[in-house]
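Take a look at the structure below.
All chains are identified by letter, namely A, B, C and D, in their written order; residue positions are counted from 1 within each chain.
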Amino acid sequence: MSSPSTQGSDLEFVVRTIARTAVDNEQQFGDLDAVAGDGDFGYSLARGFEIVLADWDTFDRATPSDFLKRVAMVISKRVGGTSGPLWGTAFLRAAAAVKDQPDWAALNGRDAVAMLRAAAEGIKARGRSDIGDKTLLDALIPMTDAVEQRLGEGGDGGAAEAADVARVAATSARAAADATTPMQAMRGRQSYTGERSIGSPDPGAVAVAVMAERIADTWDARD
Amino acid sequence: MSSPSTQGSDLEFVVRTIARTAVDNEQQFGDLDAVAGDGDFGYSLARGFEIVLADWDTFDRATPSDFLKRVAMVISKRVGGTSGPLWGTAFLRAAAAVKDQPDWAALNGRDAVAMLRAAAEGIKARGRSDIGDKTLLDALIPMTDAVEQRLGEGGDGGAAEAADVARVAATSARAAADATTPMQAMRGRQSYTGERSIGSPDPGAVAVAVMAERIADTWDARD
Amino acid sequence: MKKFVNDPKDFVAEMLEGLALANPDTLRYVPEYNLIMRADAPQEAKVSIVQGSGSGHEPAHVMSVGKGMLDAACPGDVFAAPPADFVYETVKRVASPKGVLLLVNNYTGDRMAFEMAEELAQADGIEARTLFIDDDVSVEDSTYTVGRRGVAGNFFVMKAVGAAAERGADLDEVHRIGTKVNSVARTMGMALTACTPPAKGSPLFELPADEVEMGVGIHGEPGRRREKLRQAKDMVKDLVTAVVEDLPFASGDRVALMVNGLGGTPIGELYLVYGLAHKQLADLGIQVHRSYVGEYCTSLDMAGVSVTLVRLDDELIDLFGAPAEIPIRVF
Amino acid sequence: MKKFVNDPKDFVAEMLEGLALANPDTLRYVPEYNLIMRADAPQEAKVSIVQGSGSGHEPAHVMSVGKGMLDAACPGDVFAAPPADFVYETVKRVASPKGVLLLVNNYTGDRMAFEMAEELAQADGIEARTLFIDDDVSVEDSTYTVGRRGVAGNFFVMKAVGAAAERGADLDEVHRIGTKVNSVARTMGMALTACTPPAKGSPLFELPADEVEMGVGIHGEPGRRREKLRQAKDMVKDLVTAVVEDLPFASGDRVALMVNGLGGTPIGELYLVYGLAHKQLADLGIQVHRSYVGEYCTSLDMAGVSVTLVRLDDELIDLFGAPAEIPIRVF
């Protein structure tokens, strides 16, 4: 297993933080979904990531791709509703994006962007959705764009740069999630409510922002 | 058809007054039944006696017995619930009690008592009930007793005596109906409520009292 | 009141019209007498079976008319026994040379209407016999009432006598079988909510959000007690215990188990209740041989269930398994 | 919340356990995957039919497993599509050499779960094909949604493909028939009350005492409009009109007419609605050939109805009339 200071460990840290955020925010995410949806978003996510955490030590970690595939399998297996297939697909596509990179230590910022892009493409394909439909894509894609731009600006590639990239991701995801408030839902259960979906942020987009914020906030304390 | 001043006409007057009272008091009788029963007593009685009044002129009047039998048939035919069979039986037995008296003009006070007794016996048999069960029998039987006693005391047999008998019937029926308030229902839908039936008068007994009072009140104005 | 209803006075007539329109080949509707009968009744070679009661208990009994079950049903208004004359007219129309069996749930109004009709029919030379059904265990002290009430157990009586009649049993035999079923059938029900009769327009009684009526009657009559809402397993346990102890049912008995919805309880909940009841019986060594889960004898829109047990023997197993063709079907 | 429920998280599992206990000879329950299947599936000579969806719509679909209908059903939690893996495991268990047809109501979560399962099964060499059902006419502007929803019309698809599969039709043929039924089936529903998911414990939406939701979805999604409660005949007229005008159905058409209760509406009211709908169709020259009155696809305890019309031809009349043996029976 990879040592705490490798890039591989950063990936594990990110996934574990996503999982913990989902479990800790079950109530909040559910309440957000109750405004215009059917209130089950927090429940669905929490049930899946709970198992990810419980099975954490058992996952195959031969390569980063193997590891992400295990996470994807748990989510696909145990989460129903709309979120199960979407998040499961996202992790599966992220796994595919780094399947040629067997070395945990060699994963870099470009790989991170590739995984995020692949996840977004997977969600689009699975959900027949795109940016502008008021879904988690409206946080995920702007966040990925911002991260890519920040990496393009260059840096020392050291710990300070990585922490700064995480902060850029969190800030852009939050702004993008906030920007879903005036949108009308075009996909998911929310879309049947038509104009009643306007005026509250998309639960999935908010979840992405909360996860990115927690990653940024705890980046320097990761082990 | 009998002339307005015969005994036969008195019988018609009594029956018509009973019918009119039932129709006019649908709401009150229903409300009384709603206290511990199922609220349909007023509705049931009114539907039956409405038809008695509508068909009034078509009834066979060859003998008093034929006439009462027609009334009984209408009630049996059109009234459901518990009241239909009970009141239908009452009129049918009253008809049987005077079947040997074909002459409307010859009907007298003794015939009246015989009809009331027969009606009460019919209700007892049909309803498997008796005095003390908190039913209309608890007004009907004391009233019949009072009428019989008053007739035993004798009189001139003229108009004044008849009016006085009607008043005795009304007074005794009302007192008896009032006396059902502290009783517990042993028959009918009310009986399942057990002690909840204590504290309100029996709807059927009150109906008998209201009918007797209206007969007494309008006796001198009968046509 | 939130109901699919036009003028409440027309509720029963419009329901029966719909039933007849949905079953044009097999049923005949006689509006003057609220009467639903088999289009092919009476059958010369078969005892005819008639049941009536107040309306509001559907599918009992108008939707149980058909080959293998009832030859006719004559409902009254909602929760009111039919006029005796309706029963009499019904009996006349399905009178068979082999006789007519009248099934009646044991309520004052119904008893009287059917007894009168029986007398009238006999006076016409029709061989008619009445059978009273009183499977409800919840009325404990019957000295204050006309005795126990007939509730969902009536389904088993109908099914057994219907099957026997279809096979040509005579009136004595059909009556014997019906009496036997009634003697081994026991039911208890409970309500989560009151029901709303269309003509009344408001609930028949008040039941607070955290209370249930244990032993409720199918017209909303009170039963054993009002108590706090509890988990399904605790409430079902009490229902099953009351039913089991009444006959009593004992280890080794084979039974039919019915979980009957009272009208407002969805079938998913009924199956949940069924599972609980089945396991409780298994723990007592009572073997469920045949199961019935759904709506059989309802109380309008009341949320609630009743549990019925019938002790089986080979004769009853055979009769309960016989075919029937009635409006209540799903495909 | 007044329901027969223990821990709400166990609601679906306990319901399925009851279903299995009530049908020990014909059904098998696999708790790990919420799976109900025919005890004798797969049949080598027959295409297997699978349907899944959220729970809370019973008798759809778990109580429609049996000869002539479904080989298996894999429900999710209440109103939530099953995990893709549950569907995949179900498909594996009923995989037949003749293939597997997956029936799915058109909702985002369900579509995705079934598409993923189809891919996984095909990767295993199982011939699996998915068919989407979208009979609900109430979603008018589908540019804002994933398109029309699948509701009670799914019953007719199940029945037709189940009958065809039973007769040995191959996967292409079964798929063709299912697609055809979906193309001539139209439904619209309305709610008098909201429903209460067990885990939520309170109604899913607020509906004032004098308002109804026209075009409601079976998960309580809003439809065309919220409007005042009116007499049954006026509300039914609007439902039937919306359904008729959508296909459109025309004078001379033979149809199947289904009046489906949404869970809290008693069958007496359903027959009243049926009569109104039947007469309205007759006035339009549309002939009801086969009728369905009862609960087919519910929304927990919601009071309400849906009306489904299916345009018939000789092929469908034959398939709809075929025998079936499923848990929903009355005797």
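Just so we're on the same page, a residue touches a chain if its C-beta (ideal position, glycine included) is under 8 Å from a C-beta of that chain, and two chains touch if they have at least 3 such contacts.
Chain identities (UniProt): A, B = Dihydroxyacetone kinase, C-terminal domain; C, D = Dihydroxyacetone kinase DhaK subunit.
As the structure is a prediction and not an experimental result, all values here were calculated from the model.
Taking the mean Cα position of each chain as its centre, A sits at the greatest distance from chain C. Mean C-alpha positions place chain B and chain D at a centre distance of 58 Å. Averaging Cα coordinates per chain places chain B and chain C 34 Å apart. Separating the centre of chain C from that of chain D, both taken as means of CA atoms, is a distance of 29 Å. Counting partners per residue, chain C has no residue that reaches two or more other chains. In chain A, no residue touches two or more other chains. If touching chains are joined by edges, the resulting network of the protein chains shown is an open path. Touching chain pairs in this entry, ordered by label, are A-D, B-C, C-D. By the touch rule above, chain D contacts chain A in their complex via residues 54, 76-77, 79-86, 107-109, 112-113, 115-116, 139, 144-146, 149, 199-200, 204, 217, 219-222.
Partner chain D is touched in their complex by these residues of chain C: 2-7, 11, 14-19, 21-23, 55-56, 58-59, 63, 69, 159, 192-193, 209, 212, 229, 231-233, 235-236, 263-276, 278-279, 288, 291-296, 298, 300-301, 303, 305, 320, 324, 326-331. Only residues 38-40, 43-44, 76-86, 88-89, 126-128, 184-189, 191-194, 196 of chain B touch chain C when the two sit together in their complex.
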